[in-house]
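My questions will all concern the structure given below.
Read from first to last, the chains carry the letters A, B and C; within each, the first residue is number 1.
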Amino acid sequence: MLASRFLHPILAVGLLLITPSLRAETVLVAVASDFTRPMTEIAATFEKITHHTAKLAFGSSGKAFAQIKSGAPFEVYLSASEKYPLELEKSGFAIADSHFIYAIGKLVLWSAIPGYVDNEGKILTTGGFKHIALADSSHAPYGVVAEEVMKNLGVLDKLRPLFVMGENIAQTFQFVNTGNADLGFVGLAQVIDINNGKLGSGSGWIIPDNLHGPFRQMAVLLKTGAKNPAALALVDFLKSPTARSIIEKYGFGLPE
Amino acid sequence: MTTIKARFQLDYGDFKLAVDLKLPGNGITVLFGHSGSGKTTLLRCIAGLQRAPQGFLEVNGSVWQDSERGVFLPTHKRPLGYVFQEANLFAHLTVRDNLRYGLKRIKHNSGTVRLDHAVDLLGIGHLLERRPGQLSGGERQRVAITRALALNPEILLMDEPLASLDFKRKQEILPFLSRLHQQLAIPLLYVTHSQQEVAQLADTLVIMEDGRVQALGPLPDIQSRLDVALAQDREAATVWQVIISEHEADYHLTRVEFSGGSLSLPRVDAEIGASLRVRIYARDVSIVLEAPAATSILNVLPATVTGSADGQAGQSVIRLVVGSQALLAHITRKSARLLDLQVGMAVYVQIKCTSILN
Amino acid sequence: MLTADDLETLLLTFKVASITTLLLLLLGTPLAWWLARTHSKWKSIINALVALPLVLPPTVLGFYLLVLMGPAGVVGQFTTWLGLGTLPFTLPGLMVASVLYSLPFVVQPLQATFSAIGGHALEAAATLRAGSLDRFFSVVVPLSKPGFLTAAILGFAHTVGEFGVVLMVGGNIPGKTRVVSVQIYNHVEALEYAEAHWLAGSLLVFSFSVLLILYTALRTQPVAHSLK
């Protein structure tokens, strides 16, 4: 009785010291808000398999970038663009050469009204709408790509006066979803029905990849997570076939 | 010459007002009563500041309220002047602009009161450029009175205008009010709970209790009415209107006439023919059955007993007339018994002292 | 240095804030007056409603306004029926949102001032032949000058500084609905820190000057708060 009461905790501590790789750790992850839905599922699967815990903080990539540079305790950073992770590596906040592409962003020209957007995007040329929503191209990656698409279609200058710009892609989706903007460029992940891979509602045109440069979303291991087994495990897990299938399910493209 | 007919009924549950009165259209009518007697409510109903659900009010022939016909003139359309307990001057305006505030809103000033006249009357000429914050309480109240007066209202309403002032300030204003009375033809309705102000100002007295009118009439009549609590009060007194007839310089005395006789008073600094109010406290009046042959009391006057009542603490209240003036005397019940005073008896009254009110 | 875009947003911001403040005073004054005088049972409900924008995070408030004023929302259908179209992404829409957002900052100081004036001054004015509207403008307004200044300052400052609501309702359209707070945020998000500092600095300096002038004017106002 007495022996077991004392023995048990001592034994437990001893085991932890002997087999550190078995210890369940926690990793703090900053995630671009467009990756909210897939990352939630990836984290759940990750926790089930590795017994580590992934705590997720969603927000705009730029905000997370500024926070990391100011000493935020994030250990892994999933950005919606390549710019921020590379910048962090350069400035020493991230482990050198730890960056990798985890997903390719897919854009949809979407409207909440069924049948409004044709599946070739001709509406961009024919017009007839009051507002077209996109993420603010001054900082939001989705906005940059959306402008590129319009530019390649030769409609950018014509459409610019009709722009309403969301601070991030989630807000852009709200503009369109509430009907305040007739249509807009949103992330495929926001409108996809994961059960059948089609649009959940409304109407849309999935933008072909050849209309814009590669929309690569990059992740990076931060200095703070360099010695955290959970952080290392998560980085590995993001490249695993399990994670890749989840990423694809939510309408993202996969890196080569 | 009744010019104000007022009939109001209002019920606040714990307070009810039910009055039906006719008030004279001249002189000062004092509404007197304890707090909660309804005197202020009555005044506010007359001003239209409060609306009695059932009411009728006619002033100088024009109807200000008639609930049966749905007539209710809002306050700002009633040609009245109102002086509040607190002066309620506009803090953002100078005294001059306070005085002009109402004047600017009158289309035509047909009356006799002019602003400069009112300013002189209340002695505020030197205050015109000041702001209300720079005035004393008494000065503020004088400005408020001037402000109301300058409108040349058909009726002037004052709600305890001296209540918030100390004795000295009161004495500063009372002479102005008496003067108003003598110089202007505007009827004044004056609410107070001070007997001093009643004696000094009232021509007509309305006594209110529990939201009802207990007595209404000329001051001397009401003062000397035995059925009104006033007569029982330790401060019970009658006020006589007298005229100066002679100064007896050697004795430092002044002789005054009243209807039915004369009195000797300590010297009064006023011209012969001037009108005075003299207050005689009931406790200063004693009664003898025959003219005393020798007494140190100067004022011994023939009188007739017109009534008597039991007073407080072994006192009797005797009502008499001297000439045509009513007079109250407080004597002990034992004296009344010994003298066997009966209504109609001819007696003499000795008046120990008098006080001049203005 | 400030870019032309920055200057444009600064000017737009002060235009929006000025008009919003004016609207707030026009709307808030009768509302505050009613709240200060009424004994209605609705008083508590209206008071609570006015204070509600303080509780909701601006982006949440903005989101609901977006929904309400959108084509499917009650307000949106009403404005469409009026022939005005929908309000989001327009300057009027931005102002409607700003008015709602800053309402408590204008109504509450006014209500406090009006309550402090009390009924005596008004009764005095009534006995001096002033009708109700006349009383309000000749007595209440001058006596409430400090309250009006405070309300205007708070309403203006709060509108200049708002971000979440305008972001949602305005649609961030350059020259139309992109105000300075959004522009600063954009600079920060785009890692243009120098531009952000310049713009934020200009905003602070300008706002400080405006507030300083107003408060100085307020201090030298010889207006008494209560009736003597």
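Please note the rule applied: a residue touches a chain if its C-beta (ideal position, glycine included) is under 8 Å from a C-beta of that chain, and two chains touch if they have at least 3 such contacts.
Since we're looking at a predicted model, the values are computed, not measured.
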Output for shared partners of chain A and chain B reads C
Please find which chain has its CA centre nearest to the centre of all protein CA atoms in view.
C
Measuring between mean CA coordinates, which chain is farthest from chain A?
B
From the mean C-alpha coordinate of chain A to that of chain B, what's the distance rounded to whole Å?
90
Rounded to the nearest Å, the gap separating the Cα centres of chain B and chain C is 55
Per the centroid of Cα atoms for each chain, what is the distance between chain A and chain C, given in Å?
37
Mind pulling the residue numbers of chain C that touch at least two other chains?
none
Provide the residue numbers of chain C that touch chain A in the complex, in ascending order.
63, 66-67, 69-73, 76, 85-86, 88-89, 167-168, 171-173, 182, 185-191
Mind listing the chain A positions that touch chain C in their complex?
60, 62-63, 65-66, 87, 130-131, 133, 136, 138-140, 163-167, 171, 174-175, 178-181
Applying the document's contact rule, which stretches of chain B touch chain C when the two form their complex?
47-49, 74-77, 80-82, 84, 86-93, 101-102, 105-106, 131-133, 135, 140, 147-148, 151, 157
Going by the contact rule set out above, which residues of chain C touch chain B in the complex?
120-121, 123-131, 134-135, 138-139, 142-143, 145, 222-224, 226-228
